[in-house]
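First the structure, in the form of structure tokens, and then the observations on it.
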């Protein structure tokens, strides 16, 4: 019965993502879900060996990369992503039992959520004061505790706390999605599927052109970069870590080449290769022909 | 008497930045300061012509780019950065008059600030509950309103509200700084000083290698990129806008060339050229020799 | 009556090229043709001011660049190409009056010609000994002087010397052509036509990647390179000069940019911009839009 | 007793190069030297199985690549370079027994040689007529046959024909050298020495930027290109084959990567990997660390 931490409390989208991973057969045996107060707290539980893995959000199609997750992966002992899943993100506005939208004077919302429902709030609750909550589920807890009239939360959190759904399916941006990853101690990557994602963090020397060089190592090999994100090193203004995601797997010949090439001139942290949750989101990069051709040359075959 | 909006309420670091710009002689005549509830609200006031300019934070050495500012500059009518200033960022922990650190059970903090004082809180207030505030000055207002025992705020905000400074100079990261910019309607850029910064937002076609190409336009001209930031388009997962800052001025020949080159294959939003607040933070890029040489060739001089 | 040198003696393809340039109206007034014994001799006459220009072959579609011309342009005082013309190259086999192919035991041929008729000779004169001649017209002179039975020459040379044409239209490679250029002292380039060619010689520092950098200056601007040729510096084994031809004119904005960029890191010799002899062989590269856009930005227009 | 063809006739620099390879222990058993009338004739003898190998000149520090050799290697069945050697090239001016420089009215010279002694001839034999010879040794044969007063030849050729050395050590360019290669049927390359040379011929699609891409495959891997040479395809004006030489060996990991990368987008003819004749002329490119690091990642080691 593996213990898996998640960014809680109960009722968050992250818990739904964990449930989705469980349903997909990611784990052997029933999972014991352990709520953590933050993304970094969940990952620290992995580092300390208290849990077998942690599920955390990593990117939102609206808000971009989830910085606390990025930073917690980039610093501290190396961890590794083993799986991912995506959720459509639409919010439920929860209120006390019997309340209506007209009663709402104060709304609690997790800041990441606020960005995604601001227009809806402007149209439907123009006079309500919006206050920050600690998480999406936390917004519902705040309502249950009497700290606000309504919360921008999840259906699951509202149900568990016996709250009323004042509105559901609330989302300013159609098709908004969030991606979640399962993180564990380093280990062999899941087997290559042909539709995989690989992620690294680069600590580049502060040399003009070094990022161009890093990206060129992917571009010249025809490997698509799917995400590029800079994060400050927090040591000196204008110095950055770079998070790069590409299609492909460490066992794809060209991806392996690109990783080795990066290793030659930069400090590379490998965050894993794992199956993409999006059908067709990756691209196989066969190099069998090239290798066979090279071997024919090495053997000295005339027809090569 | 120019009206200048700033990310308020009164007492924020942004107001201090505005004061610093005033002291530096950025404005003609005395400034009327207009507090805005958010970065985007301040910029919308410029777009609607209600103010002559707005001061907003754009980047923190600890937390990275300030996303609400980036997004508000990238979308809507084009605006332009005309000046910048930087502040050392160290927080003041404010409490009710007469209180001590031992009395603190709840702390309000703006999430950007929380990241920068987390270690201090862990060491000095390990048992206090941290709740989000709407801004650094808002944290002090929350204390004055009795909503929390202490706030992670600014000295200025605490003084104005008659609060006690429980601790000052609080910062986990030594040398933490934040950069603020003055934004106006588009207009001629301030004159080139030889130590300038230029900023653009690129909407790249979803073509592999297009970002490499864009960065190569700077690299091949020897122009340092000082910031690269991706932001989701919010339309489709995996599509991004890129914010690029470089050293130099639109009136530097090579920067002008690079901008024209970007314009040939991408949708470029020019956010301005302005003097850098950091001595030596930029680099002049003379091309007078090259141009003179080309003109000699064009005239057909033998010695060219 | 301009004096124009050409790679002679009379009857060479180069003289035909000069005639073609005259017919095209390249010169004002009737030309006095001055035969020179070599390409470098013709160019030296220009350098010494003895002639107004010189016509020399520069590239063969079969044999590649004409090295004596390349080297004579790369070294010594700078000269400039002002015009070009192309000829179909097919040879006439000339013999003494009354002779037939069966009589031929010895054949004189300019080595550049030998390469282009070797298969014809193998099939038609398999037993004849081939000896080198000093030029294509020289091969006919050798026959007239009784030094050989036949010569690989031009129709013109044979006629002038009263020789018999044993075969005509001889060419191993269908469509073989040679390009000739008119070279003068440096001067303003002929006006841009939209179908132009520009040529430079680069003396690159012996740095790995410097040629890649030079070529990238063209590639990133979408400028086609039409010829790349390395020539030894003759100083140290493995050090080279590079001859690069591109489409476009020094008055095309992007070509001017590329030339300036090369000048920043290498020793560039400009050999000229001139109209291409091949319809559609070049490509106009308008950048009027980019420049207009940049100017709108500089003026601070809102809609830019 | 291996039969080895060489570019003859007897007395050429190429025969000296073959002798040098013999002395270096390149062959097992005594070599039977077979003179060939041209570089391509020597290589065709290899292709037809008449000889075990052929020695041909490939590059001169003064005249650049030896085109007939380049073209003969690029076309026809693939052959492979297995060894190289270099010779200092200084010429001997040979004359009939008893003659002196004052007697010389006509001089025979192989055109490649003429380029290398032109200044000497201008100073020492200003009035002599220079006629082309078929090879350096052929120039001596022409003198022995009474066809000219003097020949620009080799000491060896003069001695064998009983001619007088009118001058020796004749060379306009100090330190002039020529490189010769031993070419055989394809076979396994000689073992990597750490100071090797690798050569390929690329048939690139006629796409702007494809040569830049090819060169970038070497540059991004830190592999020095030591020679770049374009040769016309002879099919269409402006289409080329490219000969590229680099340091390193097909068994160097990075060179193997670069070759595979070229194979992905172009038609690559591998001409061999062999020990460089120049001490320090190559550079080992270890990638053992990179590979070990990648394997640690694949095994999932935490410290990787």
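By written order: A, B, C and D. Residues from 1 in each chain.
To be clear about the criterion, contacts are C-beta pairs under 8 Å (C-beta built on N, C-alpha and C of every residue); 3 or more make two chains touch, one makes a residue touch a chain.
Remember, it's a predicted structure, so these values are computed and weren't measured experimentally.
*Asks:* What is the touch distance from subunit A to subunit C, in steps?
*Replies:* The fewest steps needed to get from subunit A to subunit C is 2.
*Asks:* How big is the gap, in whole Å, between where the Cα atoms of subunit A centre and where those of subunit D centre?
*Replies:* 57
*Asks:* CA centre of subunit B versus CA centre of subunit D: separation in Å?
*Replies:* Computed from C-alpha means, the inter-chain centre distance equals 61 Å.
*Asks:* Where the CA atoms of subunit C average out and where those of subunit D average out, how many Å apart are those spots?
*Replies:* Result: the chain centres lie 26 Å from each other.
*Asks:* Among the residues of subunit B, which are close enough to touch at least two other chains?
*Replies:* Residue numbers touching two or more other chains: 216, 222.
*Asks:* Pull out all the chain pairs that touch, please.
*Replies:* The set of touching chain pairs is A-B, A-D, B-C, C-D.
*Asks:* Across the complex, what residues on subunit A touch subunit D?
*Replies:* Where subunit A meets subunit D, its residues are 77-78, 80, 185-189, 213, 216-217, 220-222, 250-251, 256-257, 259-261, 263-264, 270, 287, 289-291, 293-294, 297-302, 304.
*Asks:* Which part of subunit C faces subunit D closely enough to touch in the complex?
*Replies:* Of all residues in subunit C, those touching subunit D are 59-64, 67, 111, 131-134, 173, 175-177, 179, 208-209, 211-212, 215-216, 219, 222, 224-232, 234-238, 240, 278, 281.
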